Amino acid sequence: MITPRKRMRRPPSTLGAFVTKELHHILRDRQTLAILLLMPLVQVLLFGYALRTDIRDLRVAVVDPTPDVATQRLRTRLAATARFRLVTVSPTTKVLPELFQRRTADVAIVLPTSFASTLGRGDTAQVLLVTDASDPNTGTTMQVYVRSVLADFERELEGARPRAGAPIIGIASRMRFNPTLESANLFVPGLIALVLTLVSALMTAISLSREKELGTLEVLLVSPLRPWQIIVGKVVPYLVLGFAITCLVLTAARIAFHVPLRGSVTLLLAESVLFTIVSLSLGVLVAARTSSQRAAMLGALVGTMMPTALLSGMIFPITSMPGWLQPVTRIVPARWFIVIARGIMLKGIGIEYLWRETAVLAGMALLLLVAATRSFHAHLD
Amino acid sequence: MTGSARGDRSIEVDGLTRRFGTFTAVDAISFDVAQGEVFGFLGANGAGKTTAIRMLIGLLAPTAGSARVAGYDVATQAEMVKRNIGYMSQRFSLYEDLTVRENITLYGGIYGLSDEAIEKRTAELVDRLDLRDDVDTRVKSIPLGWKQKLAFSVAVLHDPKVVFLDEPTGGVDPITRRQFWELIYTTAAAGTTVFVTTHYMDEAEYCDRVSIMVDGRIVALGTPSELKAQYEARTIDDVFVRLARAGNAA
Amino acid sequence: MRILRFLLRKEYLQIFRDRFMVAQMLLLPVIQLAILANAATFEVKGARLVVVDEDRTTSSRGLIDRFVASRRFQLAPAPVSTRGADEAMLRRQAGAILRIPIAFERDLVRTRAAQVQLVLNAEDGAAAGVMLGYAQRIVADYADELGATLPGASLAMATVRAGQPTLDVRTRGWYNPELDYRFYMVPGILVQLVTMVGTFLTALNIVREKELGTLEQLNVTPITRGQFIAAKLIPLWSLGLLGLAIGLAVARFAFHVPIRGSVLLVFGTASVYLLAALSVGLLVSTMVETQQQAMFVTFFIVLVYLLMSGLFTPVRSMPTWAQWIAQANPTMHYMEIMRGIMLRGAGLREIAHHLAVLAVCAVAVFTLSVRQYAKRAV
């Protein structure tokens, strides 16, 4: 007996036509497309050029109750230091709260009274360094800068002899894989992950749930297309789009910032595709399990974008996180992808070193694809 | 029944045109509608009906020509027009997450009805539509047929001079459609002009007069009987087919 | 006026029946706060240190002990060679490699100067810099200690110590002496919350009505543009303030981040900022047709505003051209205001400049967006 299904099976070209229609649909939505292309580019620019943590212009205030020869020398020295800018000299610490409140000064050096005579006697002079520690990172860095200038000053004091007895142990340091600590090098892998998550997970979730809401999905379900074909058809255009955007980001990063790509481009792109599949499956899952566009949006934001931005190691290193949080990050797919991307781009390593991470991603992809298809059947059929 | 004997013209359209770039959606249409008339504005999808109606209700500015609705010019006095008309869109435009009562109260308030008037009308409406048990139910839980009737009733809540209905019977079963048209008749009989667009040609029979739009132009205008006679057709549907073919051949 | 009252009632009813709006508003920032409170740190604890000790003397072992004792580093099993160490780094099994060359102790005794090599895994960037800083402290402290214990040193030291001018540098970190990153992030997250509610939710709300067709229905009624906009913005404005209140409460009671300044000022400035944020949302809603588009466009805009406001990285570290752009960014000014009030206890006088710019921005964007909104298409 010929089963109706068999009789109705169409040649694969139907799926092809469907995918083409979906692609056209996406391309016609100019506004979203523009954002999808523009956003990663702007982010590359921002992260590469504008978002840095180095301090180039340190504004120093000096509190000098009893100006004398020594304080003058120190002040001259401070003014002459490349990164520093002497903004004010005051006899009292009363000005400090205002200075810091108005953000006119970053650092204040409070000198003691009778600075020159204390030093002349060969005694220890107490210097107080006040920093705006609101931002702990910059606060610490500023401290380090000022301390080193003060240390230089100390060494050159009259009557100072080379400190025989206290040896000097120097550190010849090398930053492996990213010698200049170039910020772009660090952000680009994470950016790719973020953008791919945005396109694959978020967009898919919203687009599918929109069709569900509008009822056009039901129309598809009664067509000769099988459910898995519908999923593939919906998902492939975003795969293509994600791929295109990845290439765009990589090219932009390389041109603008000479971000290295020491490993195999093919491997990197292949891994991107793998990661995209994982994100897409997540998107489909979110769409299947939620009842409206708005819910899908929320679900996708909380379930995919947020973990990718915060818990993947993109901005905050996983090794710095508390012990209990670190294992939790293992379920964030982006975490594995970032290790892979950084490995390929900065370290130039290949699959021999990255097989574990790739296997995890592949496993996730498989698991999620199966879950997504089954959810689709259960909730959308 | 024809209503053309009654007072001033409710809708006067003269050479109304709307262009989008090089495309002319509405091409110099002209017609009048009398007060209390039920006027059917027919045409295939894409013929320009929606664009035309949007100009008449003040949502779209005309490129050329003029129109007066309820005595006001749609181009220069759009806000006055809006005060005197009611509108029911294809999607019924009720707030699904609000209850029946809340929807009525909202539109009543918007059109300036007093609190007592709103209460009175709500009671009347709910009675007439047999929604007493559902007055505090969210609209999304109400069956389609009731939603449709509710949307219409809300559109005429403030006793407008003209009510515009854009494809009001889409997706509704024939019985409900009949009931709906009865509502329309009641409203027209009370003096409100009813301007209906539809692509259901059989509904044309229910109207006092109809116009048929093809490619942005009005190609026929008159009572159903007149048109059937003119084109030697048995139904308006046949009239339309004949006109559409003629349009293609031209 | 009366019509406005009816419109407002409808808006509030809709908002509070909308589970997602509320969830989005509360859930997102709370989760973010929770995650960031724990994840947002660049501190390094227990970095895996691979040591290649070619010297194997008391001095070298002493140095290694110091590294371990600092608890910043954790000793990884020692590989045989430098190559093995390098391999470990490629495999992410080592965060740092310390190589103590063979003549370490000898150089210390003879010339009072020696060098070690430190290779840091800069794959994660931030961690590497921090690790270097720790290493430098550890090494410097060790050197000082050694000064007293090295053979032949004590005599030289004693004679030299007297009459030696020195500087004793103490540091005081103001506003955040514990260097708690949470402290710094919380105002930032609250700014994000307010911005999202203001811009994102407004755009989505209005575009939703567009998509459903109810906006068209409203445009056919005699309500004025002003009434429509007021009816939309007022509830969302109050929602923004409510969200801020909840966020502040969570920050205060769950994460113990205090508000050093005036709470009234916090809400006052938030009100002004919200006008700007809401206006942007309104503006976006006039430019897009679907909720999906609204989401993406506002997401993009909000992201750029937030990144350029100093949320994660200081505005002062930006290149000059970027700093100029940041000056026109209302979010940047609001960020400064929030951080000023919450962390530094700033009063109206201190933030006046920022507030003024914020007010001007708000009025400008508001005017623009109102003009863009039309009840009739032309």
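A, B and C label the chains in the order they appear, each numbered from 1.
The criterion applied here is as follows: contacts are C-beta pairs under 8 Å (C-beta built on N, C-alpha and C of every residue); 3 or more make two chains touch, one makes a residue touch a chain.
Treat the numbers as computed from the prediction; the structure is a model and nothing was measured.
Peer 1: Going by the contact rule set out at the top, which chains touch both chain A and chain C?
Peer 2: Of all the chains present, none is in contact with both chain A and chain C.
Peer 1: I need the chain pair with the most C-beta contacts, please.
Peer 2: Chains joined by the most C-beta contact pairs: A-C.
Peer 1: If you average the Cα atoms of chain A and of chain C to get two centres, how far apart are those centres in Å?
Peer 2: 12
Peer 1: As a quick test, compute the distance in whole Å between the mean CA positions of chain B and chain C.
Peer 2: 56
Peer 1: Using the touch rule from the top of the page, what residues of chain A touch 2 or more other chains?
Peer 2: Touching at least two other chains: none.
Peer 1: When you check chain B against every other chain, which residues touch at least two of them?
Peer 2: none
Peer 1: At which residue positions does chain C touch at least two other chains?
Peer 2: In chain C, 18 touch at least two other chains.
Peer 1: Where on chain C is chain B touching in the complex?
Peer 2: By the definition above, chain C touches chain B via 2-3, 5-7, 9-10, 13-14, 17-18, 212-214, 216-217, 219-224, 375-378.
Peer 1: Going by the contact rule set out above, which residues of chain A touch chain C in the complex?
Peer 2: Residues in contact with chain C: 29, 31-32, 35-36, 38-39, 42-43, 46, 49-57, 98, 100-103, 106, 118-140, 143-144, 147, 150-151, 153-154, 157-161, 163-179, 181, 183, 185-186, 203, 206-207, 210, 292-295, 297-298, 301-302, 306, 310-311, 313, 315-317, 319-322, 325, 339, 342-343, 346-347, 349, 353.
Peer 1: Contact residues on chain B for chain C in the complex?
Peer 2: Within the complex, chain B contacts chain C at residues 57-61, 78-79, 82-83, 85, 87, 89-98, 102, 105-107, 109-112.
Peer 1: Which chain C residues qualify as touching chain A in the complex?
Peer 2: Going by the criterion above, the answer is residues 18, 20-21, 23-24, 27-28, 31-32, 35-36, 38-47, 63, 89-92, 95, 108, 112-129, 132-133, 135-136, 139-140, 142-144, 146-148, 150, 153-154, 156-157, 160-177, 179-181, 183-184, 204, 287-288, 290-293, 295-297, 299-300, 303-304, 307-308, 312-314, 316-319, 322, 336, 339-340, 343-344, 346, 350.
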